[in-house]
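Each chain carries a letter (A, B, C and D) given by its place in the written order, and its residues are counted from 1.
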Amino acid sequence: MAPEVSLRAADVRAWLREHLTGEFAPLVGAGGPGREHEQLELRAKWERELGAAGWIGLGWPAPYGRGASIAEQVVFFEEYARAGGPGRLSHIGEYLLAPTLIAHGTEAQRRRFLPPIARAEELWCQGYSEPGAGSDLAGVRTRAELSGDRWRITGQKVWTSLAHAADWCFVLARTDPAATRKSGLSYLLVPMRQPGVEVRPIMQLTGTSEFNEVFFDGASTDADLVVGAPGDGWRVATRTLSYERGVATLGQQLGFARELDAVVAAARANGSFDDPVVADRIAEAWAGLQGLRHHALRALSATEPDPVGASVAKLLWAGWHQRLGELAMDVGGAASTVAEAAPYELTDAQRLFLFTRADTIYGGSDEIQRNIVADRILGRTPRGTR
Amino acid sequence: MTLEQEQKQEQEQEHAALRESVAAFFSTGADWGRLTGELGLTALAIGEDHGGFGASLVEVGIVLEEAGAALLHSPLLSTTVAALALDPDLPAAASLLPALAAGDLIGAVALDGSCTARPDGDGFVLDGSFAHVLDAESAGVVIVSDGTALYAVTDPDIRPQPTLDQTRGQGTLVLWQAPGRLVARDAARAQDLLHAALAAESVGVARASLRVTVEHLRTREQFGVPLATFQALRHRVADLHVHLEQAVSSVWYALRAAGTSEFATAAPLAKLIATEAAWTVTRASIQLLGGIGFTWEHDAHRFLKRATANRLLAGDPVALRRLLLSRAGL
Amino acid sequence: MAPEVSLRAADVRAWLREHLTGEFAPLVGAGGPGREHEQLELRAKWERELGAAGWIGLGWPAPYGRGASIAEQVVFFEEYARAGGPGRLSHIGEYLLAPTLIAHGTEAQRRRFLPPIARAEELWCQGYSEPGAGSDLAGVRTRAELSGDRWRITGQKVWTSLAHAADWCFVLARTDPAATRKSGLSYLLVPMRQPGVEVRPIMQLTGTSEFNEVFFDGASTDADLVVGAPGDGWRVATRTLSYERGVATLGQQLGFARELDAVVAAARANGSFDDPVVADRIAEAWAGLQGLRHHALRALSATEPDPVGASVAKLLWAGWHQRLGELAMDVGGAASTVAEAAPYELTDAQRLFLFTRADTIYGGSDEIQRNIVADRILGRTPRGTR
Amino acid sequence: MTLEQEQKQEQEQEHAALRESVAAFFSTGADWGRLTGELGLTALAIGEDHGGFGASLVEVGIVLEEAGAALLHSPLLSTTVAALALDPDLPAAASLLPALAAGDLIGAVALDGSCTARPDGDGFVLDGSFAHVLDAESAGVVIVSDGTALYAVTDPDIRPQPTLDQTRGQGTLVLWQAPGRLVARDAARAQDLLHAALAAESVGVARASLRVTVEHLRTREQFGVPLATFQALRHRVADLHVHLEQAVSSVWYALRAAGTSEFATAAPLAKLIATEAAWTVTRASIQLLGGIGFTWEHDAHRFLKRATANRLLAGDPVALRRLLLSRAGL
C-alpha cells in the first residue's frame, strides 16, 4: 500500500490532480444523477486507485480506517467534488455496511469484510426494498432458512442500485415465518456471484438503468454471515438507514453546486436570468443550497446526534434537488422539451429533472421520513392506524 | 324539470356518449385513417359547407381531453387547431378545409418564431423560422403567423426534433422565400385556439394520471393495509382532485367562450390552470406510485412528460400570467 | 308588500341605486371579512328593506319564494355586489336553514319560519361547533331532553357568527345519551331571546368580535321544533353544510374582486406593481379569481350536483382568499407592519390577512373538506383509523 | 473523546445553561432593569474594556432566540444590535458602550430610510428620515446610516407608530439639522447584524409556536382520538419541524460567521430562511389549532404577527433574495 497522503486540503488536491488524469481523465464529472450506470469498469478501477491510497474508510476507527476527524473527512469530500471526482461505486459498502459492521458485526465479520471494502476489491449493494413492500421494511417477504451451515435465500428485491457491479449484498430476509413483521427478520451478507442470484436492470423513466431487480432463488450464504442476532434484522437495518449520508453529504452538495452552476449558466445563455421572476427562483435555489450546507455543518458539529437528523436532512436535500430539476426545465422553457439527440438521449437538465423524481422516493420516501420525524415529535402511533 | 334543463341534460348525455365512444376508439389504438375516416374527428368543428360536422369547440374539447388521457400519438390536436384557425371566408382557407375534414391533409400551426410576409401575385412570399411546431413531421400544411395574419404553407421544410415527450413529435420550420396563402386575418386567434386545445388535452392527462394513481393506492398495501387508508396520502389525493376540478372548470368555460371577446383571456387562463394541474398531478403521481412510477414500463412518466411539454410549450406559466395581466388591462 | 321588481339586471340595478341611499348610504361596502360586527342595527333594517321588496328567498319554490332560476339569482347577486351592497345578515336563515326546512322540515315548520326569514323579521344563527369538537360534528356534547312538550337544552356552542343579532338558532344537540356519536343527535330550532341563552362575543386575533360563544343552560323550545326525526340530526346537519354557498358564491366573488382591486391599487400606489415578481403574484391572484368564477358557473350549470362539489369549492375559495390576504401584506411590504391607528385599528390589508386565517377553519376546515373529498375518491375509512 | 470534543461539549453545556436561565427569567416577566442589571443581557456582547462581558454573537443569538420565544416586549434586540454595530475604536462609539452595557441607555438602529451627513466641527449634522425604527419609542440613542457610515443621534425626534405586532413598537425618525457623531465606518455591518438578530429571534418564535401547536395536537381529541394521531397533521408537523431545523442551522452558521467575510451573505440568508420558517410555522399553527388559535386570548396570533413583522421589516424575502444574488456574485 502506498504511503498515506496527508488530509490537508492542498495535499488532497495535489493527489487528486495527479491521479485523476491519464486513463482516469474521462471520469471527471462522470456519474451523478441519472448517470450511475456509466463507465462502470473504469470507475471500479478508479475506486481501487482510491482504496490503494487509503481514501476509503477514512473515518473508520483503526485498525480498519484512519480514524479521521469529521473536519478531515470534509476536506477530502470537498476537494474530491471540486476536482470533479466521479460518482462513487464503493459508497454503499463504505457508508452503509461498514458502519453497521462496526456497530453490530462480529470481530470476524469486520476482519473479513472491512479491508476489501477499503481496497474497493469488493463492492456492495443493498437488498432492502421489495415489490409490494416499498418503504415498508417490515413488509419484507424474501425468506431465508438455515439449512445445515448455510442460509438459503429466496425472494425478490428491487430498487437495488449497482447490483450488477456488486460482489456482495446485505439482504434483509424473513428467517422466522411464524413471527410477524418487524421481528423475525435477519440481516444477511450474501455473495452476488453465485447461481441463484439474478440481476435484471430496471429501465427507468430516463430510458436508462441505474436500478435493478435482484432475484434470489435458493442462493446461499454462510450461517455466520448474519449481522446481529437472527431475528434482529429490522433493528440493524433501520440503523443502517440512519448511517446513510453523513459526512459524504458535503461532497454531494458540491455536486449540487455544479448542477446549480449549470442552471445559472443556461439562464445567462438564453437570457432568462434577466427576467426577475426567474432570477428570484435562482436566488431561492442558491439560498437553499447554502442552507443545506449550513445544516450539514451544524449536524456534523453536534456532539449528540439528532435521532431524526437523518430524516430531516433527507427531506431537505431531496426536496431541494427535485426543485432544482424543475427549475432547470423552466429556465430552458420550450427548448426543454427537445431532447439532446435521437433516439432518446436526454439533456443534462432533462436528466436532472427526471432522475430527481426518485430522490423523494428511494432511501426511505418523504412519507416515511415524515413518519419518523412525527413519531419523535408527536409520539408514535400504531402503524395500522396511520 | 324546465325545458332549459331538459335540453341541457340531453346535451350532457350527447357529450357523455361522444366521450365514451372516442375513448373506446382511442383505447383500441386505431390509426389516423380510422380516427378521421370512421370517426371523423378532424371534421368535427369544420362547418358543414366545408365537409365537416359543424360541431362547437365544446365537442372538440371533449375529443382532445380523451386524446390527452390516451396520450394519443397522432396529429389530431395540431390538425384541429389548424382547421379552426382558418377563416372559411378566405378562398385559400376554404380550399384546405375539405381535405382537413376528411383527414387527407394533416395540419400544424407555427407560432413560436417569426416571419415576414411579402405580397406576391395572388399569394405571399414568407421568410422566417419557427421552433416547436407540434406534429410537424407529418404535416402537409403548416399555418404560420407573421404576428398579424395567418398563412398556409404547403409542403413545408420541416426539420424533426427528438422530444422529451416521445408521444408527440416536434419540428423546426424554416421559411426561405416560401410561398404562402392568406388563410386568416386574425393571427392572435390561432394562439388562443392552441391554448384552449392544449388546456383540454392537459385535463385529460391529469385525469388519466390521477385515475391510475388512485387505482394504485386502492390496491397496493403497505404496513398491512391499503395505501388508500393513509390520511396523508388521502389528503394529497383530495388536493389533486381539487386541482383537476378547477382545471376542468377553466377549460369548460374557455371552450364555451369561443367566439366571444372573453376567449382571448379565457383560453390562456385555461392553458395556465390546466397545464399547472397536469404538472402537479403527474409529479405527485410518480411520488404516490413509489418505485413503480419511476419505471419505463409504467405510464406515469409518459403522463409527466406530456404534462411538462404542454406546460412549457406555447407560453410557460410566467409568460401566460404576463399575457393575462396585459389582456386583463391590469 | 311592494310589487316585485323584475330580475333583469337593469331593474335590479335601478332598485339598488334607488334604495342604497339616504339612511342606507353608509352601508355601501360595509360588512365583509373582519367587519361582520359593524353597523348591525342599520344592516338589520336594510335586510327588512330587501325582504319587503322580495329579494330574500328568490330561489325558494313558491309559495315561499319566487322560484327564480339560477341565472336570475346570479343577476341579483352580481348586481348587489356591484352596487357595494353590505354583508348580509339574513344569509344564515336564507341559505342554510331555509333549504333544510324545504328538504327536511314539516309543512308547519315551513309555514312558521320561511315567511319571517323572507321578510328579515327573524334572523338566524347556526349552533353546530363546540369547544372540544371543532369540525367533528359527531362529537357534539350539547344535550337536549324532552320534558313534557318542551326540549330542554344544555351545552355550549362556539364559532357562532351573528349570535347576538339572531332571534333563532338551529342547534345540533344530543337527544339520546345512550346512542354513540352520529346517531342520537337532533336538529332543533331554538329561540335565542329567552332566559337560559347567553351570548358571549369571542375576541378574535383582529381585536374585534364577529364570532361568539353561545351557552344554553336549560333553554327550551317546543317539542315539534325538531327538523327531521329525533336522532336524525347528524344527517340533516351535514346536508345543511352542503347548502352553504351555492349561487351566493358569485356575489361573494365580486367582493373578492373588490379586495383584489384594492391590492392592485396599493401595488400601483407604492410602485411594487413595477416589480415583475410582485406583478407575477398579482397575475396569479387575478387568474385564480377568474378560475373561481368559471368553477362556480360550471357548478351552477350542472344538472346533477357533484356530491363533493361543496368541499371542492370551499377548498378553492378559502385557499385563494387566504393567499390574497398574504399578498396584500407583501404588497405593502414593511409598511404593512404599521396599523391604521392606535390603539388597534387595522388597515384593510391587515384585516384581510388576519381574518382569512379563519376561512380554512370555519364552515368545515380544509382538513375536513379533504376527508370528504378523499372518502369519495378513495373510499371511506373508519374514522378511528385516520 | 478528543480534547476538541470535550471542549465542544463543555461549550454546549454552557449554552444550554444560558438558554435555560434566560428563558426562566423571561417567563417571569422581568422588567428592563432586571434583564440588564441582574442578567446583564445588553452587556453580553460588549467588550470587557467597555463594561461588557465580551461574549460572542453566538451567546447573543441564544438570548434573542429565547426573547423571540417569549415574545419579549423590550428593546433588547435593538439595543443589542446598536451596541454591536458600534466601532469601539471610535471615541463617540466607545463613550456610548458603558451605558448600553449597563442598560441605562436604550439603543435603536435606523436603516430603512436615508440621510445625509455633513461634517460640523467634531461631529456631523444629519438631515433625512427613517421609517420602521424598532423600539424607537424608548430609545435614548439611535444609530443611523447615511449609506456609508453610522452616526449616533441622541435624544432623537421619534414619532411612535401603532403596529400590527403589539409586542414590539416602531417609530419614524425625522432628522432636521440633527447633531450626530460618527460611531462606525461600515454601515453595511449594521444591517447584517440586524438580519442576524431578527433571524435568531424568528427561530425562537417558530420554535415556541410549534411547541404550543404540538402540545395542542397531543392533548386535543377529535373523532374520539388525539389530533396527533391523524397522519395528515403528523406529516404537516414533520414538515414544520424540518423548516425549523433548517432555520436553526442557518442561524447557527450566521452567528458563527460574524467577523468573517461570509457574514455578509450568511446574515441575510439566515434572515430569509428563519423568517420564512417562522411565517410558515405560525400560519400553520393557527390552522392546526383550529378555532382556539383564532382568538385573542391564545398566543398563536401574537406569534404570527411577530413572524409577519420580522419577515417584512429590514428586507422582505424578495429583497433579501436580490441582495443575496448580488452578494453571491451571481
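The working rule: contacts are C-beta pairs under 8 Å (C-beta built on N, C-alpha and C of every residue); 3 or more make two chains touch, one makes a residue touch a chain.
A quick note: this is a predicted structure, and the numbers were derived from the prediction, not measured.
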item	value
Chain whose average C-alpha position is farthest from subunit C's own	A
Subunit A and subunit B, separation of their C-alpha mean positions in angstrom	41
Whole-Å gap separating subunit A and subunit C, where each centre is the average of the chain's CA atoms	53
Subunit D, residues touching no fewer than two other chains	229-232, 234-235, 318
Touching two or more other chains - residues of subunit A	275, 277, 280, 367, 370, 384-386
Pairwise touch network: line, ring, star, complete, or other	complete
Footprint of subunit C on subunit A - complex, ascending	275-277, 280, 384-386
For the subunit C and subunit D complex, residues of the former touching the latter	129, 131-136, 138-139, 158-159, 181, 202-205, 207, 211, 275, 277-278, 329-330, 332-346, 350, 353-354, 357-358, 360-362, 365-367, 370, 383-384, 386
In the complex with subunit A, residue positions of subunit B that touch it	112, 131-132, 161-166, 170, 220-225, 229-233, 283, 286-287, 290-297, 300-301, 304, 308-309, 312-314, 316, 318
Residues on subunit D engaged by subunit A in the complex (per definition of touch)	2, 4-5, 8-9, 12, 214, 217-218, 228-229, 231, 234-235, 237-239, 241-242, 245-246, 248-250, 252-254, 265-266, 269, 272-273, 318, 321-322, 324-325, 328, 330
Residues of subunit A defined as touching subunit D within the complex	69, 264, 279-280, 282-284, 286-287, 290-291, 294-295, 297-299, 301, 303, 306, 308, 312, 315-316, 367, 369-371, 373-374, 377-379, 381, 385-386
